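In the two complexes below, chain A is the common chain; its partner is chain B in one and chain C in the other.
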Partner chain A sequence: MYFILDLLLLGCINAIMAAGVNLQYGYNGLLNVANYTFTAIGAYVAGVLTLGKAPQGTSWIGGWSLPWYVGLLGAGVAASLAGLIVFLFSIRRLRSDYLAIVTVAAAYIFYNWATADQGLFDGGNGIFGVPYIFGGSTITTNEYAALLLIPTGAILAICVWLSRRIFRSPFGRLLRAVREDEVVVKAFGRKVWHSQLKIYTLGCFMSGLAGAMFVFYITAWSPSAFLPGESFFILAAVIIGGTGNYWGGVLGAFVVVEGLNELTRYLPNFGYPADFGAGRVMLIGVGLLLVLRYRPEGLFPERWLHWYERRPVTLPVTLRRRPLPTAVTDAEGANR
Partner chain B sequence: MTISSGEDPKTLLEIRDVGFHYGGVWAVRNCSFNLAEGKVTGLIGPNGAGKSTLMEILSGFLRAAEGGIFYQGEDVTRVGPVGMASRGVVRTFQDTRLFARLPVIENVMIAAGDQRGESAFRSMFWRRSWREQELGLRTQATELIEWLGLSSHIYEQAGTLSGGQRRLLEIARALMARPKLLLFDEPTAGVFPEISQLIATRICEVAEQGVTILVVAHNMGFLEKVADDVVVMAEGKVLARGSLDYVRAHEEVVAAYLGMPRMSKPVGE
Partner chain C sequence: MHTFFLGIGFGLVTSAILALAAVAVSLQLSVTNFINFAYGDYLTLAAYLAWSFTRAGIPLWLAIVFSGVLTGAIAVIIHILVFRRFMRRSVRPVTLLIAGLGVSFIVQDAMVIIWGTEPQRFTTTLGSARQVGPFLLTPGDMIIILTGAILLLGLHMLLAYTKFGKALRATSNNLDLAQASGINVERVTSITWFLVGVLTVAPAVALVLESGTLDPTTGFDELFVIFGAVILGGVGRPYGAMLGALVVGLSTEVAGMYLNAGYKSSIAFALVIILLMFRPSGLLSAAGKTS
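Up next is the complex of A and B:
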């Protein structure tokens, strides 16, 4: 039972991360290779906000024993701010292709900073003893996982709902247009980086929320939990699931991160345990290659979401316009 | 001597001694001419004449190294593409640039300006504020697509269209932006004659509505149909301007096209 709960809970957390990455990469083409770093920032901030003072021999900032929902919100805000800083260092000055490189640098900088700075999050030891958000100390691990599934599932549902709303809106259309060709979007009078900034920070916010739920679940966080390579799994989940499709990331998170990672436990063991772990990563790599080769749009392609094809235009008569070209027929026309 | 912007009320755009160089090689130099409001002006010249560079400068993607550009009397020499677009200057591209994975209708709808639903907050939490506008835009886009003969492809991904259909879609997208000045960069390049004919017809219809159009083209038959007059460029400069018949008979133009030595006759109308 615990195995299933654990699988569902981690699947939901990964799916929240994937929803954030899908907003950035799937909708807008911003390759965020440091997505797991923003999750880590969220986890640390949620941890130190809800934890009490650091015990003897350890040290971390915060320690104010705030309610869990404050920690959750703080995690999202902190991850967004970190995303904002990374974005301002890269996008404003470089083309978005280079964001990937800048985010890798940011991931290593934060990883080394968190490891080396004892006063921040207790360096390599990390934070521990994050209180359960439900049930106090009497609750069993099983019960806690079951209860935690409710807010985690709710957050995932909200993230997918927001992604869906964005996709169906003119803002979503603008984001996808920027992904396709920034130059043309500029030629139609849009400041490309405005939309990129908004979606990038929103994606980081979701990663931060995922980090908070993660630390509320495992109750500890340290640099070993967010090795820079971890981001690869979330990116792989989004690509395999289907970039640009809000269901794709969720599917990918469950299939790739949970499915491949967990179901391979049942494979016959061989060699050293380290070999076995490497074998799982290789399996994900092969899966990624196969999807890119045979289904480059992912398992759930974006084009499946072209919802308006089935929706007739039902306009009030007052909104109907005269036949086009409308370019100059109204008061703001070219003759002015 | 150039005419001061604003003196002639019919001048929409004035290009005054504009120059631009790529790392020391001048692509456009001492280029001057005006665009009269509501007219279609053809821009022709041999390869490397600087036509496309001039289009880039006029749409704000390149900044003139010298000279000035005046749009409705305003100096827009240092205005970028976003600023030019907001002033009603809309362009198409020499190599069609579409949003390949977006459906045709979205390619057109994106061009409309002042879309309330492009706010992140409104898109998520306040749909009512933009829904009616969106439906209106959708109707307009549908009509434009029909007008250009693409209605059977309206929900297809733009990347699946043929070369001629892509050109038509670019035109639809440009018109959706409600332009005052349209810059067409070779709208009939690589296009089937029937579609080329349709494009010519539509351009004439748009011009009749008062939109000013500058069109780069190599197809003289096409220009004969659409252009009121023609500017000829060679080696970054304006060689001649006038009716198509006039420039056809112009010795320097003939020399530039056929690669013969230049005559000493002064350039001008």
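Up next is the complex of A and C:
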């Protein structure tokens, strides 16, 4: 029972991260190879906001025992601020793949800082003992995981809903147009840079929320929890799942990170008894290459949405804003 | 002042190691025009192969030669099996970067399966450190600096004075034009990958001998410092990569003398980020590689 709950919970958390990365890479083509660092920042901030004073022999900033929703919000804000700083430092002067390297450089700087500075988040030992967000101390791990599934699932639902709103909006079409050809968008007098900044920070906000839920679940966080390689799994999940399709990243996170990474843990290991099951990462690598080669748009391609989103959707009157254009719903639709 | 020179001495060793790796990356980057995320794993692979050969009783220098040839062959095979298929369809560089990520997953996991995750000891006994001018170096350090200098000089000769070097530079400069001029671009690319593999073994073994241990993430941990040196020097410029490696190596080691050792690589990354703000194409820039 705990296994299923754990799988669902981690799946939801990974899916929130994937939703954020999909906004950046799938919608806008901004490759964020350090997405997990923003998750880590979220986790740390949520941790130190909800934790009490650091016990003897340890030290961390904050420690104000604030309620969990403040921690959650703080995590999102901190992660998007960090994203803003990274984005401003790497203003688009470079090709996007070199930009990715700069992102990783920033991630390493944060990683080294969090590891070396004892006063910030207790260095290499990390923060621990983050209180359960509900149920007090008498609750069992099982019950806590089940209860935590409700807010996590709600956040995931909000992220997907928001992604869908953005996909359908004029802003979403602008993002996709920037992804396809920046120069054309500039020629139409749109602010490319502006839209990239917005979507980058929003994606980082989602990564931060995922980090907060992660730390509320596992109740501890340390530098060993966000080795730079972790980001690549989320990126692989989004690419295999389907870039630009708001369901793609979410389903990719469940299929790739959870399906392959967690379920195959129970398959027999061959070779050395490795601590992170050998062969599983290789499967992800092979899957990534096959998808890139034979189905570059992912398992759930964006074009499926073009068909689906073309139908007029009846929303409650209060939510109805402007009528959808019927002739051309997006930039790519015009070519078809 | 003594500490400063100590830092410079360590910096020279680090620079020599970094320079070889950075030149290999830069060479491949200039010909194929994408960032290979799997390069760190090529480093680890080369080191593991050399280690396995020495374990089988082969002397170190011969083990290094064998490992170099084998790593080169593996790099060519990976190019033919993976990267060439993408390059033929002229995909965006980002797609090739992600393909490199997939290759990295596969190679790294294969090494875990073959050699396990426990760190392996890989050391040589070449005597203790001694005073050389103002520096404090071991004989091993001196061999590394010397070998690095000789290899880089040899590479310079190869690029500047041979027909293959000319073909490589032409391909790097303008692939279509090179092809139109009758250069066999496919062959040049394959040979470049082989050269990259052969060049990789020197920094790989030097890196591992300096730290004494080897595990499946050894190379990957260095990957971004190497990329930093490449980008700092100017993308697609092998000589720029040498310069970048010198700057990164010296600055990290000297700063490491005065700061908390944990911040050593941060210095390199901060340098790269700050420099790119003012000079986005690196110290020595090449046209058409960064924008």
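Simple rule for what comes next: the second predicted complex is superposed on the first by the 297 of 336 C-alpha atoms of A that agree within 3 Å, B and C clash if a C-alpha of one lies under 4 Å from a C-alpha of the other, contacts with A are read in each partner's own complex, and residues count from 1 in each chain.
Keep in mind that, in the parts below, a residue touches a chain if its C-beta (ideal position, glycine included) is under 8 Å from a C-beta of that chain, and two chains touch if they have at least 3 such contacts.
Source: prediction; values computed, not measured.
Of the two partner chains, chain C is the only one touched by A:105; chain B is not. By the touch criterion stated above, A:1 is placed in contact with neither chain B nor chain C.
Of the two partner chains, chain C is the only one touched by A:97; chain B is not. Look at A:190: by the touch rule set out above, it reaches chain B but stays clear of chain C.
Across the complex, chain A meets chain C through its residues 29, 31, 89-91, 93-98, 100-102, 104-106, 108-109, 112-113, 115-116, 228-229, 232, 235-236, 239, 270-272, 274-276, 278-282, 284-286, 288-289, 292-293, 296. Residue ranges of chain C in contact with chain A, taken from their complex: 34-35, 82, 85-86, 91, 93-95, 97-99, 101-106, 108-110, 112-118, 217, 220, 224, 227-228, 231, 235, 260-266, 269-270, 272-273, 276-277, 280, 290-291.
Interface of chain A with chain B (complex): residues 162, 165-166, 169-174, 176-177, 180-181, 183-191, 195, 198-199, 202, 244, 302-303, 306, 308-309, 313-316, 319-321, 323-330, 332-335. If you check the complex, the residues on chain B that touch chain A are 37-38, 59, 61, 80-82, 85-86, 88, 90-91, 93, 97-103, 105-106, 109-111, 113, 115-120, 122-124, 127, 130, 132, 134-136, 138-140, 142-144, 147, 155, 157, 173, 175, 177-181, 205-206, 209-212.
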